[in-house]
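When the chains are written out, they are named A, B, C and D in that same order, and each has its own residue count from 1.
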Amino acid sequence: MNITVWNEGLHEKLDPKVAEVYPKGIHGCIKDFLEEAGFENVRTATLEEPEHGLTQEVLDSTDVLFYWGHIAHNKVDDEIVQRIYDRVMDGMGLIVLHSGHESKLFKKIMGTKSNELRWRENDEMEIMWNVYPSHPIMKGIGANVVIPHEETYGEFFNIAPPEELLMISWFEGGEVFRSACTYRRGRGKIFYFKPGHETYPIYHMPEVQKILVNAADWAYTEGATPVEHGHFPVPFIKTLEK
Amino acid sequence: MNITVWNEGLHEKLDPKVAEVYPKGIHGCIKDFLEEAGFENVRTATLEEPEHGLTQEVLDSTDVLFYWGHIAHNKVDDEIVQRIYDRVMDGMGLIVLHSGHESKLFKKIMGTKSNELRWRENDEMEIMWNVYPSHPIMKGIGANVVIPHEETYGEFFNIAPPEELLMISWFEGGEVFRSACTYRRGRGKIFYFKPGHETYPIYHMPEVQKILVNAADWAYTEGATPVEHGHFPVPFIKTLEK
Amino acid sequence: MNITVWNEGLHEKLDPKVAEVYPKGIHGCIKDFLEEAGFENVRTATLEEPEHGLTQEVLDSTDVLFYWGHIAHNKVDDEIVQRIYDRVMDGMGLIVLHSGHESKLFKKIMGTKSNELRWRENDEMEIMWNVYPSHPIMKGIGANVVIPHEETYGEFFNIAPPEELLMISWFEGGEVFRSACTYRRGRGKIFYFKPGHETYPIYHMPEVQKILVNAADWAYTEGATPVEHGHFPVPFIKTLEK
Amino acid sequence: MNITVWNEGLHEKLDPKVAEVYPKGIHGCIKDFLEEAGFENVRTATLEEPEHGLTQEVLDSTDVLFYWGHIAHNKVDDEIVQRIYDRVMDGMGLIVLHSGHESKLFKKIMGTKSNELRWRENDEMEIMWNVYPSHPIMKGIGANVVIPHEETYGEFFNIAPPEELLMISWFEGGEVFRSACTYRRGRGKIFYFKPGHETYPIYHMPEVQKILVNAADWAYTEGATPVEHGHFPVPFIKTLEK
């Protein structure tokens, strides 16, 4: 199982505060804890690499893609977006993090203006409540996960209705948010996970890491038969007769 | 369209504070605002009436049933529960309010131990966020409904996953709750709505009334063909040949 | 309530057989039965009109849009597709018919390659089974609808999982198909309805007409509050205090 | 992981034809192929054993229960039904086979009269189409599974709407059926799988076995934290302060 962790990778260069929280970049941090959890083939890729580091070859050998982006969604090439989308259709798992909800990719997959929500940055506490305790992604997670300080996101969040809603977040300021949602598109599985503002050490939290490790396992589609489609001029039952 | 509002009706007799908030009973209050909204045939029924006021005749002529209960769920006769359930299967709409989640009826419909949740009574503010603004039940409701003081309910709420999740509640104390949920069972539509602790004047709030008026319209199943089932010894396509 | 019926409108010009089945075009036929059902404001629009007949003004005054297309999906201008999509987000209902599943619009809304399915044209019988008898769109529809001859569509149909599955089709040749599905995106409701190959008089069938009349009523979103979103620098509870 | 295969076990004793198809009983056949697939702890239990073979001790040590029943649903003790249900709530996986849809247990879990459907026994071909190719239960399964002869089941099947619909069946006689459906209740996962009439060698088919082996893996809930519920007099955020 091959994992690629994609990160825009700009905040870390532009903001020393972010560089301090994530000295190896958000992608480096995620790569590290995935490897510690036992995944052996974890690569990273970032916006400023050629083809954003997501060549056809890289994507063809990726089973699960993590995606973090924020300030440069419009710099992501449409052709690369299509390429990722095509791979999701073919069965690549996709884990969209935090402000990745505004990406061209996520909007294309949702079929909505998923950039629409309420937000502010004022260091509020976020309490994520587990509303699907038996889901594989929630394995080992208790009644809730408390994040001491996070960017606030609030409803209405303009997503397609989640196929599975795993967690609901409470914010100090009065908002709530559907913060852990699953979808499927084509043969691909998609997990949206809200936490991870760049200035807080959220991806260093053991419970967040556990959720993302579980999500990598869950998003991996093994052995899905390619989808047959097109013109079948002979009725199916005629193909069986003999 | 005939509506029956069923209420346990005990708090109002036992607790002067409740009687003050609801001088005509919770059922009387709901009946009144439904009538003000234009429904012409609204009846009430309570636990201590013969057959709890829900005779076969009453139920047979009920299109939508409101159900509020709390301290006497075990006093509701199993036979009457079955009778209500049978009518839901046949297409009667059902609106379960507040602690009705603990009723025999709701557990029977959920297929879960829906009495399981976190709760406390300490006058917290509840903010209900609208996560499905285009649903008929949310017609005319804005981004949220603020309830100044309510009993707190918190997740994990052990319900079957809602078919439609309309509102999520935020509580001052840190909890969240799926507080407006729809289901269907047989030909019946079910709406669970969380607010309505007996000591607060919640059913007097215009926004709550609007939601419940909308819900009555929504829950009414008009023209659903009875479900055919049983032994059909002749293949369906043979019945078409001529 | 304003309805616009959009049709590609080419088969009717190119194929006398189709012109014979639909002398006023597929759009004309649909317009006629909607008007007979009592809708007063029904317009039509077709591909070859300026802006495909879907100017901003037309769409802004459309509550429900019917959409039939087949052989010229690529001739639909991207800007018009975006314009329709934007209106769906804002609450316009959308009813996608038959090979409309291959349209740019439907793919954009699904987030999948919804053009993928099995198909053939060999005059098979289609039996549509009602699996959601209490849904408003199924009002007055019995256990099934029999279409004597139709184009065959078969699974796997690469759609997002339907939020509500209303009908499943059986085909003589051995295939099945999810042929009546609902979705919501933004504040808009979407209904996909499979029947309607241009060479068969399917939109003349009373049961098909009844379903589409019901669907127009259902797809109309009345009174949905516009979605608030963006930067809310003040915590919501601070806005309540005083 | 411990599996218990429960079978009514009466047809095998009463009907030599069934005994010939399943010399070790349906339960014996299922046990055998599960063991061949690598599951090490597989037990069987049948109706006529004391407590139907499902003592508290047996259920407490069961992670996934298979359930086949048909002609003696009313002979299953209510207390045992409650015991199985309680274990499902606590996280035991449940796989309900064929006419198990009529069992007290399945009705209790569905919240519907799930015994309602169309049926006949006339040796029709059943073609099960895969409508969720990326689901773990469909791993290794192609576009469809063809069962040469089966009892026919037809819609409308009065179940709660499936959370995931994996397969839809086509029958020679013109019917369709939602034949592979998943649900969750409490912390338990439930899979309903339609095939398996006692007179046909369906559980000997490799593709059916593959689906049921996958289902056992899927239904196993590992590491789900017990559900906290009850009276929490202290607001959650107060418990965090220090």
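Criterion: a residue touches a chain if its C-beta (ideal position, glycine included) is under 8 Å from a C-beta of that chain, and two chains touch if they have at least 3 such contacts.
Computed from a prediction, not measured in an experiment: that's the story for all the values here.
Considering the contact criterion stated above, the chains in touch with chain C and with chain D alike are A, B.
The chain pair B-C and the chain pair A-C differ in C-beta contact count, and the higher one is A-C.
Averaging C-alpha coordinates per chain and comparing to chain D, the farthest chain turns out to be C.
Centre-to-centre separation between chain A and chain C, using Cα means, comes to 31 Å.
Chain A and chain B have CA centres that are 37 Å apart. Among the residues of chain C, those in touch with two or more other chains are 127, 130, 132-133, 143, 154, 156, 161, 171, 174-175, 184, 186, 227-228, 236-237, 240. Chain contacts here are complete: no pair of chains fails to touch. Residues 91, 125, 127, 130, 132-134, 138-144, 146, 184, 186-189, 221-225, 227-228, 236-237, 240 of chain D touch chain A in their complex.
By the touch criterion given at the top, residues 89, 108-113, 116-120, 122, 124, 152, 154, 156, 158, 160-161, 163, 171-175, 183-186, 227-238, 240 of chain B touch chain D in their complex. For chain A in complex with chain B, the touching residues are 127, 129-133, 143, 154-157, 161, 164-165, 168-171, 174-176, 178.
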